[in-house]
Amino acid sequence: MHFGSDNQTGASTQVLEMIQKANSGYTHGYGEDKWTDRAVQALKDTFECDLEAFFVVTGTAANALALSCLVQPWETVLCHHQAHILIDESTAPEFFTGGARLMSITKRAGKITKEHLHEYFRLAGTDYPHNTRAQALSFAQSSELGQVYTPQEITTLCAAAKHYGMSIHMDGARFANAVAALDCTPAEITWQAGVDVMSLGATKNGALAAEAVIFFNTELARKYRERRKRAGHLLSKGRFFGAQFIGWLENGHWLDLARHANQLASQLAEGLSAIPNIRLAWPVQANEVFLILPKTTTESLEAAGATFYEWYPQGLPPETELHKGETFIRLVTSFTTRNEDIAAFCAVAGK
Amino acid sequence: MHFGSDNQTGASTQVLEMIQKANSGYTHGYGEDKWTDRAVQALKDTFECDLEAFFVVTGTAANALALSCLVQPWETVLCHHQAHILIDESTAPEFFTGGARLMSITKRAGKITKEHLHEYFRLAGTDYPHNTRAQALSFAQSSELGQVYTPQEITTLCAAAKHYGMSIHMDGARFANAVAALDCTPAEITWQAGVDVMSLGATKNGALAAEAVIFFNTELARKYRERRKRAGHLLSKGRFFGAQFIGWLENGHWLDLARHANQLASQLAEGLSAIPNIRLAWPVQANEVFLILPKTTTESLEAAGATFYEWYPQGLPPETELHKGETFIRLVTSFTTRNEDIAAFCAVAGK
Amino acid sequence: MHFGSDNQTGASTQVLEMIQKANSGYTHGYGEDKWTDRAVQALKDTFECDLEAFFVVTGTAANALALSCLVQPWETVLCHHQAHILIDESTAPEFFTGGARLMSITKRAGKITKEHLHEYFRLAGTDYPHNTRAQALSFAQSSELGQVYTPQEITTLCAAAKHYGMSIHMDGARFANAVAALDCTPAEITWQAGVDVMSLGATKNGALAAEAVIFFNTELARKYRERRKRAGHLLSKGRFFGAQFIGWLENGHWLDLARHANQLASQLAEGLSAIPNIRLAWPVQANEVFLILPKTTTESLEAAGATFYEWYPQGLPPETELHKGETFIRLVTSFTTRNEDIAAFCAVAGK
Amino acid sequence: MHFGSDNQTGASTQVLEMIQKANSGYTHGYGEDKWTDRAVQALKDTFECDLEAFFVVTGTAANALALSCLVQPWETVLCHHQAHILIDESTAPEFFTGGARLMSITKRAGKITKEHLHEYFRLAGTDYPHNTRAQALSFAQSSELGQVYTPQEITTLCAAAKHYGMSIHMDGARFANAVAALDCTPAEITWQAGVDVMSLGATKNGALAAEAVIFFNTELARKYRERRKRAGHLLSKGRFFGAQFIGWLENGHWLDLARHANQLASQLAEGLSAIPNIRLAWPVQANEVFLILPKTTTESLEAAGATFYEWYPQGLPPETELHKGETFIRLVTSFTTRNEDIAAFCAVAGK
């Protein structure tokens, strides 16, 4: 009954085996090796396009390095009010960009829409350099509230962003879950929809520590190598990080893992929906379940050994408020969640 | 009819004369001179306390240097949604603090209250270092919307901020106008009310270019000298900046200048209030007048040579919206505004 | 015949097996897990003292994060003219410290001595904040020129540094090789000799990607967690990095690996010394061999498939210059270097 | 007998009068006024070319802002071992560039030559991004050791710098003295010789606080406005800083002031040369005199009220060392130095 986060489980066997395979012989260091090359090729195949890709070990590094390629230190990145870059990554975006600003443009919405952009630009001052100019939009797929943007939604959002001259970053910490949920191609919800650069996370979905920064707009990657090096994120034994991506992508393994997590989240949602006094805060679209439930139930679950996080009240949907005695929690499933975990959780919750 | 900003006029004669007086003989450079010493003493006398004070040439430098002494690069500064530091100083606060974050905690309010702080902390995550910690509050006296905090309001606000462990910065770009408006002592609305550090602006009210960063909490000034030097804000001929403050403070000159500006703003408000279809957006408490008026009137005023700025719609009071055909503008009076400017403006507006 | 660098080989079996063992069940993320705890305990046992330790993935991150805890952005770090932090880590130290300065205080010497410090301080200006103050000394053990500081040398150097009020950082990317070479305890050449903080590298000597930042002076670690997080170096699945250190340290494995590398470097030096026209630039004390040899020999070696780097001319010892037709190269041995590699290399070199 | 620095005297009457003249009526703020425009035009006339120019209040700001337009945060600026940017401006260059590095390429030389550049590049690593790339050269005219580069020397130096792909910055804190000394046009030793951007200092030579950053290569100025604003160096009452430059440049006033200072320095040198046991360390070419003299003489001078600074020993010429009992001092003359100061100083020194 561990639903704290999908980074609290281990690595998939297929990923570990590829690390093992890569552990042979000599290679150049610093990502100039055939394992890294193969991993980049696997990404090109997966996204069906040319691209530049770089491997780092944390989502925070991936996001912040990506953003640092999109904005100058005196510019602004627009994002969701619950964006991981805004609330869970300390001031890493400011650090890597040299002091650019993050600005939330939503309030209670589950996803960013073009209307949020229009409203921002309607109000924003344009007396540069006194005012700061918004030059990048960052959004998460699937979102921090477990919502999945459709290809059409992304296309519309990116078009609006580009209308305002912005570059677009997608935080794909749970991108695999989104692809699995939409049953679309990775290309359809990235470069074909207008995304310039993405952080593709493997760590939460089967890797040890492996995130890719992928530039579909390769022009933006020009200074990436310098930024990565001076941030201490250029790995000397690069082969082991390329290997993780090879193992993860091979034969659709990443989507198998994500489908499992999504499927278990659906089961969890279904089981919990049937219980009186428990409400789903958001529709369950990927591998995250946001629940409103009595505090007494939350306590019973904790007492029974279930793990999960109480969530930020501002993560509630519009016009949804907690009643007295209710709590708002987040449950995350992963590739290692088992049917019996779901059953056990629902049993305790329904008592 | 020049109401664009109080920085669009020149310097007062008394200030210029003191510069002239200081232009004699040799002194040490870099603020180690008797003019600087005298100016600091004048500030001690004015504020009736011990303090550390440093002179710089812009409000942006004063604010950003002050904030850099209050927060670490991974911390957050809370401020008003219309704060000059947030919307008019590019990303200077981020630059000087090494990447700390600004966070607006108001929406439509004219002043920050303790309730805004409570609401912020109710929602803010405390899972450090993932979340960032709010360690400073910055507010402006008088505010960017022309509102003046009473001594009691500041005392209450500072007490709430200190309850949360924050240091308090006051942006006093128009502090003289606030003192003149409240008819209180400078001490009552600064250190006696709980303010740790302030930016005291003379430039908008009679100086050439002179702003003081004043530390009432002198412990916070420990690294100020290093920060000022490496930001290029240590003036070599420091005497000329000390002299400006001496001339400005001597015999209550600063308050005379501010009283004039306030008085003229009151006259302007009074004259405009009598005109149909013109509304004051905010009560006029210092030297700024925020007006809602027909676009046609705005155009007539511009045609007649009046200068002023259209203001941000988010600067409107709560529940106040522009009707079709209305504009929202800001008028600022200064020590050089003349009665005939007021009369002429009202005449055109009332036609 | 691969002598390019000790980061061009893979990971040791014992380290990989510990990763495998750690891949079971759920743990908290971000280093709050028992594997991380065990690894820190193993470091305490190894160094025979209390300490704080944090795991990151690159030596650059370890060094730069450590330095950022020792100096303010307006201070200076003194180092060797061939220091990795100075010439091989881009401007990572500047980035992490927020703009502090690196200053080389040697020229041709193999190690830093207290005389270098005295000379620096004899010449350095002390008109702060105009001049910058040297507040930290960083040196490498074993050094970038393959030299090993004796316990006495470190004690003397640290005492001189402390005399000038500096904190001391040791870059231990090849610390294992130094311990193996000296046959001393790790404590004797670190905290007992005056070192405040060290970067302990496992990557070059058997790990996948694992470096520890170890604070013997735990007061200096106060802001480390915030700095690591905002630099994107807080690993979510921390267990796998703790596990690497556990496997590496267990049963003296790290020293076995280092001894092998050192031993092979000695054999290489011995074999090469016997060859006419080949000179050792520096005494071989750890796992690096610096050679001066005819360009024709270098070409023969490359043609035979040997890999190594031509080295910086300023890495030559004092009063040693290359003669016409000579090249200066560096050979590094590792835990996977084989006797036959040595033999083959010497055979080609001696032809 | 005040020879401490040319920033320890006041402002010239002509400059102050122009400030007075500018103190009339309303203008736009932030440098969008006719005084600023006139000052820029005066610079175009002075340098006989198109250019972009911006006014700030300190030499440190001028230099650091200029450099920040020339290098990326991971690049290096080459400079003289006595450069003001290196030893007297704290870590301002690092701060403004976002962490770029300064590297001295001289040792005891009075000026940088192309040989210094060649030697730097012979030794510098080019394994980017591990190594940092030198992208800018900064040198001072006149130099911090009172030496003046001839047009030919600058042309040769800039050509060498450009050969290596570098941009060139001239620190002209005492540029007026160099022009006066060379009796050349300002153009001949700046853009015609290959300089891309310069800091032109008026403060040391008659202004209150006025430095211009002048881009001859206007492409490099693209992000200057944003950098100046967020560094708090955009002055609101810009007219007063434009006015200083107008007054300073008008009718060759700046060169008259500089000629006076140079002339007095020559007299001082001449007078002192005749005294036994006193040596000029460097030829006197502008308004600085570097002396080696007995400590007892230094003490007599101080006792007689003379002011000056003891200088850094590394500022001595090649192969010049202090003998026992000698001191090394710097004397600076200015536009207010009087013949009687020279006579009095020489009289005491010669006793």
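As written, the chains take the letters A, B, C and D, and residue 1 is the first residue of each chain.
As a working rule, a contact is a pair of C-beta atoms (placed from the backbone, for glycine too) under 8 Å apart; a residue touches a chain by one contact, two chains touch by 3 or more.
Keep in mind the model is a prediction, meaning the values are calculated, not measured.
Student: Find the chain most remote from chain C, comparing centres computed as mean CA coordinates.
Tutor: Looking at centroid distances, B is the chain farthest away.
Student: Select, from B-C and A-C, the pair of chains that is joined by more C-beta pairs in contact.
Tutor: Between the chain pairs B-C and A-C, A-C carries more contacts.
Student: Could you state the distance in Å from the CA-based centre of chain C to that of chain D?
Tutor: Spacing between the chain centres: roughly 41 Å.
Student: Distance between chain B and chain C based on Cα centroids, please, to the nearest Å.
Tutor: 52
Student: Distance-wise, how many Å sit between the C-alpha centres of chain A and chain C, to the nearest whole number?
Tutor: Taking the average C-alpha coordinate of chain A and of chain C, the gap between them is 35 Å.
Student: Any chance you could list the residues of chain B touching two or more other chains?
Tutor: 73-74, 89-91, 94-95, 98-99, 129-130, 226, 229-230, 234
Student: Show me the residue ranges of chain D that touch chain B in the complex, using the header's touch definition.
Tutor: 2, 4-5, 7-11, 16, 19-20, 22-29, 56-62, 64-65, 89-92, 94-96, 203-204, 208-209, 226, 229-237, 239-241, 307
Student: Where on chain A does chain B make contact in their complex?
Tutor: 73-75, 87-91, 94-95, 98-102, 122-123, 125, 129-132, 312-314
Student: Which of the residues in chain B end up touching chain C in this complex?
Tutor: 30, 72-74, 98-99, 128-130, 223, 225-230, 234
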